[in-house]
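Read through the structure below, which is laid out as structure tokens, and then see the notes.
Each chain carries a letter (A, B, C and D) given by its place in the written order, and its residues are counted from 1.
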Amino acid sequence: MNTATFENLESNVRSYCRSFPTVFTTAKNALMKDEDGKEYIDFFAGAGALNYGHNPDYIIDKLVDYLRSGGIIHSMDMYTVPKREFLDYFEEHILAPRGLRYKVQFPGPTGTNAVEAAVKLARKVKGRENVFAFMGAFHGMTMGSLALTTDLTSRQGAGQILPNVTHIPAPYMFPELDTIAYMDRLMTDDHSGVDKPAAIVVEPVQADGGIWPFDVEWLQRLRALCDKHDVLLIADDIQAGNGRSGDFFSFERAGIVPDIVTVSKSIGGCGMPLALVLLKPELDVWEPGQHTGTFRGNQLSLVAGKAGLETFVEKKIDVEVKRKAAIVEEFLRTEILPLDSRIGFRGIGLIWGVDFSAFEGDVTKKLVAACFKNGLIAERVGRNNNVLKLMPPLTIEDELLRKGLAILKKSIQEIL
Amino acid sequence: MNTATFENLESNVRSYCRSFPTVFTTAKNALMKDEDGKEYIDFFAGAGALNYGHNPDYIIDKLVDYLRSGGIIHSMDMYTVPKREFLDYFEEHILAPRGLRYKVQFPGPTGTNAVEAAVKLARKVKGRENVFAFMGAFHGMTMGSLALTTDLTSRQGAGQILPNVTHIPAPYMFPELDTIAYMDRLMTDDHSGVDKPAAIVVEPVQADGGIWPFDVEWLQRLRALCDKHDVLLIADDIQAGNGRSGDFFSFERAGIVPDIVTVSKSIGGCGMPLALVLLKPELDVWEPGQHTGTFRGNQLSLVAGKAGLETFVEKKIDVEVKRKAAIVEEFLRTEILPLDSRIGFRGIGLIWGVDFSAFEGDVTKKLVAACFKNGLIAERVGRNNNVLKLMPPLTIEDELLRKGLAILKKSIQEIL
Amino acid sequence: MNTATFENLESNVRSYCRSFPTVFTTAKNALMKDEDGKEYIDFFAGAGALNYGHNPDYIIDKLVDYLRSGGIIHSMDMYTVPKREFLDYFEEHILAPRGLRYKVQFPGPTGTNAVEAAVKLARKVKGRENVFAFMGAFHGMTMGSLALTTDLTSRQGAGQILPNVTHIPAPYMFPELDTIAYMDRLMTDDHSGVDKPAAIVVEPVQADGGIWPFDVEWLQRLRALCDKHDVLLIADDIQAGNGRSGDFFSFERAGIVPDIVTVSKSIGGCGMPLALVLLKPELDVWEPGQHTGTFRGNQLSLVAGKAGLETFVEKKIDVEVKRKAAIVEEFLRTEILPLDSRIGFRGIGLIWGVDFSAFEGDVTKKLVAACFKNGLIAERVGRNNNVLKLMPPLTIEDELLRKGLAILKKSIQEIL
Amino acid sequence: MNTATFENLESNVRSYCRSFPTVFTTAKNALMKDEDGKEYIDFFAGAGALNYGHNPDYIIDKLVDYLRSGGIIHSMDMYTVPKREFLDYFEEHILAPRGLRYKVQFPGPTGTNAVEAAVKLARKVKGRENVFAFMGAFHGMTMGSLALTTDLTSRQGAGQILPNVTHIPAPYMFPELDTIAYMDRLMTDDHSGVDKPAAIVVEPVQADGGIWPFDVEWLQRLRALCDKHDVLLIADDIQAGNGRSGDFFSFERAGIVPDIVTVSKSIGGCGMPLALVLLKPELDVWEPGQHTGTFRGNQLSLVAGKAGLETFVEKKIDVEVKRKAAIVEEFLRTEILPLDSRIGFRGIGLIWGVDFSAFEGDVTKKLVAACFKNGLIAERVGRNNNVLKLMPPLTIEDELLRKGLAILKKSIQEIL
């Protein structure tokens, strides 16, 4: 297969192509095919952008219909029919049934733009520059969100200091430390030296740090802490949202309402670029045009986005995910754990991590390669990349799910 | 027409919809239609994202074909056929004929992501934190690019300091000041107090500041200044690139080669989200994955992007633009200037500004409204928004171009 | 007494005069006298600047002799006889006997200037911008040292962000958290989000946070942690140095050697302004004049400073302090603690804190006033100023020490 | 002479001792003597700290008397007799006669502490983080004032970014640019990208940049500019104040009243460490203790400071300075300028610069050495240190002044 073009012309920054060194051609739901005709089961799902699978017929048809209708494609933030339909559907079928009242901001169509907008708004509303984020977090790669992001390689790419963020230990890091009480102390102690934040930014299921669904009780205490100190709670639901956790929003299981929510990835339906910031109406102090972006008005993304929401609702994706979660959990517990006492696992819904941090050496790199060879696409996350992330499309057929898990088992056996 | 959904559910940050308060439905080349069936000539062109017009048949067909083929839509930065074809075409038909040797980075698919990546890379390469940008510049809304951006409203949205940028007077601001000599002094004087920059970021045609094509000689001296001081030259060609200035890149007319170029907007063909960073191969010190983004791999954008490039090449858009530039220039000179001695104008290619800054009061706001009423979409830029920006699709039919200009004249007459 | 001048002409920023509202005239060792002839026992000692008492005859005579000799008073950092004698004595009688090898830098003659110089040097040597400091710390009021300082009022005076410092919980704050392991994790975890520091700055006896002598073992582990990670250890010994802790340097008891030490307050002998930065010779990468200050060459301060060192050595102040420490400790334990079960105390050498944080209301404010009325000068520190700080001159006569303690007891009884 | 102690024990940061490599012993008015008995005429005057000469009898006597009286030496910011007398005298004889109404803040006793306090207060009052300073400025070496300082070596010592300052070209740098109009534009233009400052900090006579007395009209326009934009004007009068310019304050000649004034150096009378911040009463929003410093209460400095003020008043130093200024100016014009057409000079009062920037090579370094050899102490300032600074004590005898100038002439002749 011919990859010379990429090697000659594309920047060294390219990344996933190194783990999966082939040229992909077509894809359908959880199956990807390459130029050699080889098929792969996709346990990566576009890092969460493909919750409804590759190229779902329903969404593809909507896109083609819209293209064929002459519907306007690009229109910045002017009013259009697809945007109205998206907003109405989102309000009626997602927000209202959950008792959520948010206004919707369309930032530039990437997750990092949503995080930037959320944090800018929080600082503007509260008049404070500092923000708390959690160790292990990933929130994006532009300067404002990179300041929140924790992995060393990303931070070293900044080439400058990343100010105005205090990183708080994630609750799993020092089990003896009550991290809610810790933050409470930081904001109460007149000698903490830590500036009171405008907001606390949290991924209810922390992904990049190694797949850590945060406890319901901890999330509830976090919400109460923010209330106590007049600090905004921002939920970054970019990776774990859109049904991935078993609910539409990954914070639903805690029964809490964040002040601001960032949404992206699968909100675009089939990998179309789209991002939302959801904000409580009373926080909507933006001046017109104070956060803009050329592609915040791609109508195909809105068309596909609405079709994705319809998929979620009509296929009862949340119910499906909970059912499939049990399949994965049982397989990991009964088939994978027994392979080696050093293996661990964690997860929720259809986002799971198999933890190899107790091993010496770069086990997961070999494992990703073995999976790829055996026809499974899965990537690494976590400290020193020691966790294999399992994140298939939520719509994956049970048979393929089980087949992918079997490949995983076989691959682990090969490398151990 | 029903705009209640937007008013109820969309954030106050929405902007263009306030100048053009209608709901758009379909569009074709330079014509947009709203729900009431009214047609508008588009002199805005998606802020430069629609150089090849709304919904061009050639590109739409490519998109539909790809969607129907089952081609993979989303794949992060894995290797795919559309990406290979895009890169090959871009290299062969855009870069090589211009003697340019760049590697291509795909950041998140918005202009601001491209600027963030460019500036991060410059800082990383040079090991310096400061960057020079020009007063009047617009480079984006995320924290790293917002630090470069100059307009007050945008900056006030940050809620924090925007460090590590020194703003240099644009050459038109203080005609008595040689801005190249000024920057030379800043970098030579051991008491300037201004830290040597990693890069100087310039829009060869400054748009948001009021449509200012920078002189060829000034651009050449800027290039020489960067060489003298070992500073990188970053051309932000997001708005004025893709043929807008009459060449593919807006710096071509100066015969200079920037070290890094940011490209977005019309590179997506028909308003599809896409952005590129072009970097000299020797600057490609990125580590794999050191700047990422979920939607840097939307294949529809690459399909549409390649089709857009084909359009540029095959329709000889550059030649067309130069021809149409003469039409606009002549109209402004002979039909608009005589309307009032306080009116001025500037421009190049198909990006022009009609300057009303010599007037009292908010003339341009009334003018935008009058144009809209009369069926012309055009927006304001510049200091106090005192400049009306004319930026039709490059593919606009001559008749529509003249008709739009006539509406402009009529609208000015109405408001004066 | 007439304080109108101060009220009319001096800024509201004045502080201690509010706790001790009288006009002082003369003072001798541990006794201060005011315009009304009333005497006060000094348990404050110029916040540690008067370890050898007010106006010690030996030092006063040296000053008068020097003034009468025509000796140069001011000379920036030119070479002078008093500076040579100070350096030689400091080397021979302080550094060498303790096995310490440092070069001496004279920054501007205040503690904060010393901290600024120390931290600048650390950043310059290591090429890293971040620095760790501990919650509860006080390191000064200029922007670089204020960033390390933790009390809220001081920080709110900055009017800007205070970047490049990560505050670490002091070991007493969360007993369940091993703070050395915590810092180790911050520097080891590739997802901590905390930038590796150039240095860790520590007061071996943290004063402002509420009088906390840090454990010997903890200090030793801190030293080892710095070695492990190639991070400099900076001991700020401004308040607890010069014999205050029972040794000349407050880190001696731990047997550790910091990389940089800041010294001020009593190094000026009798309250003369002087400050030193001690740095390991291999760290001396300063360029000539890269950190300057007009008054780094006040010869009276050097004359008084040497006389102070002679006092320390010849009067075996360290032995004296340890003896008197036992007196204070016993009194607090047997006479003060029994007064109320909510009272606590901590300390070392002749720096002690009586802790009233378990009380409701502003007990310590009343206590300071009662002490003042009864003829004792003592100030408050700690969280919410809830700790009374006892810090008499090290040379205080035993009788006065006991008398002062008795006044303390009586005053507590009065206010409870 | 023995300098081994310094070479072995003092940090490389030592600076002036390199230009004047001898060990000084005694000094009187404008004469310094070294260990070899050689005498030097002092045209340096402690960088402005010795305006009333070395060891003036009147001040020395006051110091000895106070020391012998048992007067309290150190007392933080408690009320004392010397402080009251200093304040009363300063008010009655300096402020009131000039129609100035200021409150006095005593920061730590160095110039940089005064600048830090001034800028902190300005930011706190105005709620803005940015501050304007001028290229060529020197304001100190701690982080907040170093951000204002412009010389490269000093800035490179910071080891971190120096945020929140915009450097404005000094008026002499680009004669074609109206710098007041430039700043006005920065604050008026909604696309300048430069954040509105809390204050503009100016040395009315810029010293370190090369001795530039700013025009009276320019200073008046600067004052008006600050009024127009609600920006505070901070005059840093540390080097050129205390009579150096021919008035007590160097801004008096312009008839303007700054909002805040920083004073240090000769305010200490005879080189005693002292610094003041003068602030308009309505700006005195400090909370008690919000900017502190241990040595802000050295009574010897206040005693010497008052004696220095008495000297200024009773000896009519301002009249004297103006008389002597004419001597210097005439000598430079008639004796120095004719030596070489490349020589230039500038100055006011008794602060003058002889400019060698038109020469190749390091002429001034040789000149300083030649002067030293010939018995004259003078230092270099300005770009590339190309300006010889002449700054004798204001009390220098006419004969010594002429003798020093003659040595200067002879030394220039030797090196040319």
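The rule we apply is simple: a residue touches a chain if its C-beta (ideal position, glycine included) is under 8 Å from a C-beta of that chain, and two chains touch if they have at least 3 such contacts.
As the structure is a prediction and not an experimental result, all values here were calculated from the model.
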Identity of the chain that, by mean CA position, is farthest from subunit B: C
Pair from C-D, A-D or A-C with over half of its contact pairs in common with A-B: C-D
Inter-chain centre distance, subunit B versus subunit D - centres from mean C-alpha coordinates, in Å: 49
Approximate Å spacing (C-alpha centroids) for the pair subunit B, subunit C: 58
Rounded Å distance, subunit C centre to subunit D centre (Cα mean): 30
Of all residues in subunit B, the ones touching two or more other chains: 129, 153, 160-161, 163-164
Parts of subunit A lying in touch with subunit C, wherever the complex brings them together: 129, 133, 135-137, 148-153, 155, 161-167, 169, 173-174, 176-177, 182, 185, 189-195, 208-210, 382-384
Subunit A-touching residues of subunit D, taken from the complex the two chains share: 160-161
Residues of subunit B defined as touching subunit A within the complex: 2-3, 5-6, 9-18, 20-28, 32, 35, 46-50, 54-55, 60, 63-64, 67-81, 83-84, 87-88, 90-91, 103-113, 116-117, 119-124, 127, 129, 140-145, 147, 153-154, 156-161, 163-164, 198, 238, 264-265, 268, 270-273, 277, 279, 284-295, 297-298, 300-301
